[in-house]
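Chain nomenclature is as follows: A, B, C and D, assigned in order of appearance, with residue numbering initiated at 1 for each chain independently.
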Amino acid sequence: MVVDKINEAGGILGEREISLDEYDENTEEVAQLYRRLATQDDYDIIIGFVSSANALTVGPIAEELQQPTIIWDTGTTELFDDAVTDPQYLFRTCASSSTDAVGAALVLENALTDIETVAGVNQDYAYGRNNWNLFSQAVEAFDIDVDIVEARFPPFGNEDFSSTVSALNDSNPDFIFSSLWGGDLVNFMTQANDRGLFDDTLPCFSGGTHIFRDAPDQVPDGLLFGARGPHVPYGGFGWNSLHDNFVSSFESRYGESPYAHGAFHAWQGIYAYVNAIENAFNASGVYPDNDALVKSLEGLGFDTPSGFLNIPEGSHNAIEPSFWGLSDSSGENLALTDSIWIAKEQVNPPVEQTTEEWLGNI
Amino acid sequence: MAVLQTKELTKQFGELTAVEEVDFQIERGEIVGIIGPNGAGKTTFVNLLTGVLNATVGDIIFGGEPLKNAPVHDRANRGLVRSFQIPQVCDDLTLLENVRSAILSREQRNSSLFSLLLWEDESRSEAIELLNEFGLGERQNLSAEAIPHGDKKILDVCMSVAMEPELLILDEPTSGVATENKHEIMKRLRNYFETTDSAVLFIEHDMELVAEYADRVFAMDQGRKLIDGPPEEVLEDETVKRRIRGEE
Amino acid sequence: MVIELITQQIPLVLNALFLASVLFLLGTGLSIIYGMLNFLNLAHAAFLVLGAYVASTVVTQIVGVFGDTLGTSGLFIILVLGLLIIVPFIIAMVGLTMEQTIFKPIYGLEDDYQLLATFGVILMMEDGMKFIWGGQPVTASAPSELLGSISLLGGSTYPLWPIFGTVLTMVIGIVLYYFFEETRLGKITLAMAEDDEIVGVTGINTRLVHLQVYVIGITLAALGGALFIPNASMTSGLALQFVILAFAVLVIGGLGSLKGAIAASLLIGFTRSFGSYYIPQLELAIVFILMAAVMLIKPTGLFGDIKA
Amino acid sequence: MSQDTKTELRGVIRQRVTTLPGLATAAFVMLALSFPYLPSTGQFEVFLVAQIFAFAIAAVAFNVLLGYTGLLSFGHAAFFGGAAYAVGFVLRYTAISELFILLPIGIVTAAALAVVIGYISVRYTEVYYSLLMLALSFLIYVLMVKLYTITGGTDGLPISAPTVGGVDYVALWGYSGFLQGILYYVIAISFLISIGLMWIFMNSPFGLTLKTIRDNPERARAIGIPVIKYRWYATIVSGVFTGVGGVMYAVLNSHITPDTVLHWSRSGEFAFMAVLGGVGSFVGPIAGAGAFIMIRSQAQQLTEYWHFVMGAALFLIIVLEPAGIAGIAKRSYRKATESIRGDD
């Protein structure tokens, strides 16, 4: 949709149409798919990747083949902390999971001072583990006086949450941090609602806003939701014009609101490329080759529907503010109320440190 | 010293006693025929010897050592080899491969990885020789599936013979074979066993064959030994005539 | 303190019973078809998933059509009837058409090739469901919501639907037991498990019996799906989980034996429910450890007599 | 050996090599070794062919069990993935990054897994063997997912390019030079060696023993073959060569995750390749591996529902043409030779 919009306006710099080919990262073996795109088909830019396993696979290959690549949605902090420590051609236009996990800890510390006991429910795969590790480290780093009573890791793609919910009911925490998403989140919510888990426990779903679309009837009011940064269509305040017309054109085209954060991340990924090309062209007067494009991407900053996004100098990883709100179905659309913004610098590691190092010596 | 000896060999299936306290022995080079009506326990007795079944009571001494519950393949390697009433051959292998497999197993060369059968010769020529002896030589490269039932029976016997057994047990060797070449098989068997001194034990219903080829006849009825002696004596025995030969 | 400890176990027991019921329906179907018809269908579990999908459509249709015109109890009855009659009927029809077209040619194959061929079938069914219902998870929570939940002694609330499902499965279990022990068709099926040529010789139309047993097996799996969905969501990727669970019931319970299927489903249900509560890390591996253990101790399975 | 058998022997060799299969093998080896230098081959084709070789080794190894011993294993991913993960762990937690050390480590791991898993599974026949292999290999899959801190869980492990013979070719020639110049040849040669070894094993007494067990286990026992022991040996031999395939795949793919190397659908793919290629013939699975990867990459590009295409293809092969590609080739080969012989 975004590419069509750009092409309607004449394409990049008003003269270059973008030809977009789409591939599903999960059908073909990702290493084989990526190599084919990078060598045989020789695309200018490859943008994409949600699954952290795929991103970690593709990262090193991008560096090897010197193929400019933008990761737009994968959250794993391992990408630049471990897999590709000195990136040249690899960029990420969304913040790492530290925004969500550290953000949640800060919300706990500042806004929810009456919470004593905390539990975790995260899918038993890399993304879930990564989020939980960061959250518990952040709680320690900011020495928030809560004690973690329970950490559960139901398997990814789990059909039966009944025992997990029963366990949580028994340990009865005040607050639950969870990075559940997709079918597991829907499953967990239905079984948790049935068993009254949320009666006296406040759950915090760091990337759960997509459930407003998948199963709105399962979302009671007053649950804490994050959207991996300020990526929600309704609720919150001070949205710029880009946000409003993005939401309206999304709704007119797809007939539903962009509740999933992926839509916003996609917008950011594509416009990062477009802005980088335009900046390089304006500076050098000639259409940028790969290296010029890479230079222009470093330190890039531009406005997006979720506010000003920038890739700090000396890093290839964009940073975003953390954004939270309570679910509220009173309005015409499911939205987040009493929203809280937490500044980018507070929830992302400084450029030269890995997330672990940063949390280690706060 | 007897090749094989059984002491009070008994086999019970729940209350049914299929074989009851059978004492039996067979000397080197001796050919013994086992006769008896259906259900007399002949096959169970053979299954006890070959290890398909384990005895309830009593023991079997083979080559001087008690067998206890040694598995089938262990007994075969020690020379106690059987062939089957319904021929058990490898359908997808050629006749040559079938026999060769037995020879290689006899020589404990199953796990040799590097002697290419295409070029390795000893087992190949021995197998051809044996097949010729049993009249199957010219069809050696046919797959076992492609030959008639009678020939499969001969192949089955051939594979057992290839094991150079101390004691060969044949379960109705000529059943399913055309009457005119029943004798032919028995003749080939006898010629072969004249050259080696291994013992042969065969179950047979055709009294004529028993009379002609057996050195000794072992008659069984209702799981017990009826009479054990030279053919003339046993075949003329009253109860044998009535119970087994059906002559009133 | 002790009372509190006991009351904590109640939800776990209820979870276990419900899971056991779903597994019983799934495992018995597979055990009958494999035990009696000697047809090894890896894709059997996919019929459970299909049942869940169809159930979700049926529930949304019923809620759409009737809405609240009949009041909660009226709607609930219609929903239950939909789940217990319409869903199994549709799945049985799908199963029959597949039986005529896809499964018939592979009856004659050896077990290995049946396993491989049905592996192909499960791939087809998984993508087929993804094509019809899309990749997103599917829910059908109306029946469970209508039935509501009760508060247990320990103060925690527990939905009534799993209890309803367990009771229903017990009834089905008894009916099945009576069917196989008493009725004529039941005895013929048991005889066919031993040797279907002999049964054929006596003039009984084994092909008809074959179909009837097949339909019973498929319907049971569909029921398992229909009972499961109101309390959970279903994605086509879960077919694999159910394939392995179905075989675990078969392996542990023993071939073609009803008692075995009951015992195995309870065993797995309880170990899985209590296991994932007390030793969460082993969540997935519990079923396998159980399966390997039973196979090492009693290869024919708890009640089976046919040696593997 | 006496003189006349020697001449006859030489005759056999000449007769064996100059026949059609002999020539075909020689031509195949020539093509395989010269492939990177052919005009039309770019880096991706080299990668694809190398991947086919890696899978072909595993597919032929799989067929040692199904085609030669009559055992369908649904757990071959355990050996394939086990070896790959062994390499991954060594690369991550030790300083070793020499391929000629990693390969033996991978083989030993696959062998150890085969010994353990095989020992438990071979005691059961047919279906239960397949299911136990499935269950035990899924257990390994679950362990790799669970031990997140060590194995990286579902993110898997990166496989950095190893040195070959002590030389870091990536630093010398860059990755594509390394791939087309060295890695391809390492994989091609280990493919040729593995296939050669397996061919020798299958055509020596060990192979004949396996075939005897496949056709008639009871007869095998009657001629003194300890059936369970040899099924176990067959699983080990098959596991070892599958491990070789696993190591090659890991180095080539440069990243492994539980889902790409350990998942049961991977075991299903080996079965698919063997059946597609033709279980009855030794080289069938090689054609099967090549055809499979081609079909899969086309199917994946055409439709999101490529599982359906694969499932349907597998089903149709089993029902319509159980002899697979080799069956079709043999029939056409026989027809061709008959038509030649027919007229003389």
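Following the convention adopted for this analysis, contacts are C-beta pairs under 8 Å (C-beta built on N, C-alpha and C of every residue); 3 or more make two chains touch, one makes a residue touch a chain.
Small disclaimer: the values here were computed from a predicted structure and weren't measured.
Visitor: If you average the Cα atoms per chain, which one ends up farthest from chain B?
Guide: If we average the C-alpha coordinates per chain, A ends up farthest from chain B.
Visitor: Report, in whole Å, the distance between the mean C-alpha point of chain A and the mean C-alpha point of chain D.
Guide: 40
Visitor: Nearest whole angstrom, what separates the Cα centre of chain A from the Cα centre of chain B?
Guide: 77
Visitor: Between chain B and chain C, what distance separates the C-alpha centroids? Give it in angstrom.
Guide: That gives a centre separation of 51 Å.
Visitor: Can you list the chain C residues in contact with two or more other chains?
Guide: 281, 284
Visitor: What are the residues of chain B that contact at least two other chains?
Guide: Chain B, residues with two or more chain partners: not present.
Visitor: Which residues of chain D are in contact with two or more other chains?
Guide: Counting only residues that touch two or more other chains, chain D contributes 145-146, 306.
Visitor: Which chain pairs here would you call touching?
Guide: Those chain pairs which touch are A-C, A-D, B-D, C-D.
Visitor: Within the complex, which stretch of chain C touches chain A?
Guide: 8, 11-12, 15, 18-19, 136-137, 139, 141, 144, 149, 156-159, 161-162, 228, 231-235, 237-238, 241, 272-274, 276-277, 280-281, 283-284
Visitor: Which positions of chain B touch chain D when the two form their complex?
Guide: 50, 71-74, 76-77, 81-84, 88-93, 97-98, 100-102, 104-106, 109-121, 159-160, 162-163
Visitor: Which of the residues in chain D end up touching chain B in this complex?
Guide: Interface residues on chain D, with respect to chain B: 1, 5, 9, 12-13, 16, 200-201, 203-209, 211-212, 214-216, 218-227, 230, 233.
Visitor: Help me check something: in the complex, which residues belonging to chain C touch chain D?
Guide: 40, 102, 105-106, 109-113, 115-117, 119-124, 126-128, 130-131, 240, 244, 247-248, 251, 281, 284-285, 288-289, 291-292, 295-296, 299, 308
Visitor: Could you pull out which chain A residues touch chain D in their complex?
Guide: Going through chain A, the ones touching chain D are 23-24, 27-29, 31-33, 35-36, 39-40, 52-53, 56-57, 60-61, 64-65, 76, 78, 83, 124-127, 129, 155-156.
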